[in-house]
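Letters A, B and C mark the chains in the order given here, with residues in each chain numbered from 1 onward.
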Amino acid sequence: MNKKMNILMFSGEYDKALAALLLANTARELDVEVTMFFAFWGLFLIRDPEKATLEDKSVYEKMFGMVTPKGPEELPLSRMNMAGLGKQMLLDMMEEDKTPSLTDFLNGAKKKGVKFYGCKLSVEIMGFKEDELLSEVEIITAKEYLADALASDMQLFI
Amino acid sequence: MNKKMNILMFSGEYDKALAALLLANTARELDVEVTMFFAFWGLFLIRDPEKATLEDKSVYEKMFGMVTPKGPEELPLSRMNMAGLGKQMLLDMMEEDKTPSLTDFLNGAKKKGVKFYGCKLSVEIMGFKEDELLSEVEIITAKEYLADALASDMQLFI
Amino acid sequence: MNKKMNILMFSGEYDKALAALLLANTARELDVEVTMFFAFWGLFLIRDPEKATLEDKSVYEKMFGMVTPKGPEELPLSRMNMAGLGKQMLLDMMEEDKTPSLTDFLNGAKKKGVKFYGCKLSVEIMGFKEDELLSEVEIITAKEYLADALASDMQLFI
């Protein structure tokens, strides 16, 4: 299929990230071109857990960087408290069914050639340094995201 | 209109389900073809309240099936606690205005020929049996969903 | 670019409204036509803070109007409690980076010619009067929204 899908990853939650990456991986298997634009809380998903830094940050940025999720496995569920369902329960159920973890899906997406973009404004507001993100991530502006999204056959805001 | 709309129903909340089904029904009135793909929490909306079973399920799957919403009327609001607004208050306001309930919209969508798909992987992880879902639901893979979505004029992630 | 973007603004949260308006403003800078359809909680964003009324409303509608956010600056964060991050902290970080506020983005969108639509059914259920909304807002039905969205190159549900 000579098609293109664009995902704006706004949410920083485990289940929504799982859905987004599952779609991205599946689309690549169909030879669909995929770009993911990570903005706001979505940036947590592409933080490199090994590379947090405190250098050259304001007090707020330091605090923010420390208290927020560092990489995929630290993301919370979007419905954490619903009916007592915890993230561990979901993970256990996924393991029972031999479903890959979020990190597996993220690595799959990298390997399959999903293009990762980070939102310039979000990165600046949250005080992240480009070095703190996965090396596959390229920082672009909202204008560049929109041009890409408008040239796609399908756009999702997740 | 010779058009097609595709909704990925990810959320399992009353207000979001209302929005999605209202769009689906309205689109059918415009002769737009509509497919809804229920994944993750969205599956709660298409559980048949009469047909829950415990057979052939792991401990987690049994617990999960029991503590989560069984069908449309048990779905919570996405903003339950905001400013003290409760679901009952919304329902009362809807009744004052003679707005149909979620179940009415769901039945309308069935009657109007909205196509209902359930996500194979989500069904497996959550341990639902195909029999526990509405009889109108067909289980498909993420790949089949994507092929359908990419052939649509409009895709929403709700 | 001779393109058109349509945003269905369902959420009534500060961060999601910021994302939506930022996209709307940026799209206008690219000469993309933009329509925003405000439904459900999204209506809070286009209430005119100066114009709340209690006239001709049911008890529920009066209560609802009083306890819910009146205009952009009263919107809560979608992840209020996440890791202790408060709205004030986000606002301070935005100010450090000289990012415009939500009200600035809203005024920018008006000036740049983003078309504002309010959902007729939502307005009725919530009991808002057309006078209580920004003067730029035109009330339309879900059918009119869909016709507009289906004629767009990109649709987002936020």
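Basically, contacts are C-beta pairs under 8 Å (C-beta built on N, C-alpha and C of every residue); 3 or more make two chains touch, one makes a residue touch a chain.
Predicted model only: the values in this text are computed from it and were never measured.
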For copies subunit A and subunit C, the superposing rotation on Cα atoms, rounded to the nearest 5 degrees, equals 120
Residue numbers at the subunit B-subunit C contact, same meaning over half shared and different meaning under half, come out as different
Separation of the C-alpha centres, subunit B versus subunit C, in whole Å, is 25
Each of the following residues of subunit B touches two or more other chains, namely 155-157
So, in the complex, the side of subunit A touching subunit C is made of residues 8, 10, 12, 39-41, 58, 60-61, 63-64, 67-69, 76, 121, 124-127, 142-143, 146-147, 149-150, 152, 155-157
Within the complex, subunit A is touched by subunit C residues 1, 3, 5, 15-16, 19, 22-23, 26-27, 29-30, 32, 79, 82-85, 89-90, 92-94, 96-97, 99, 153-158
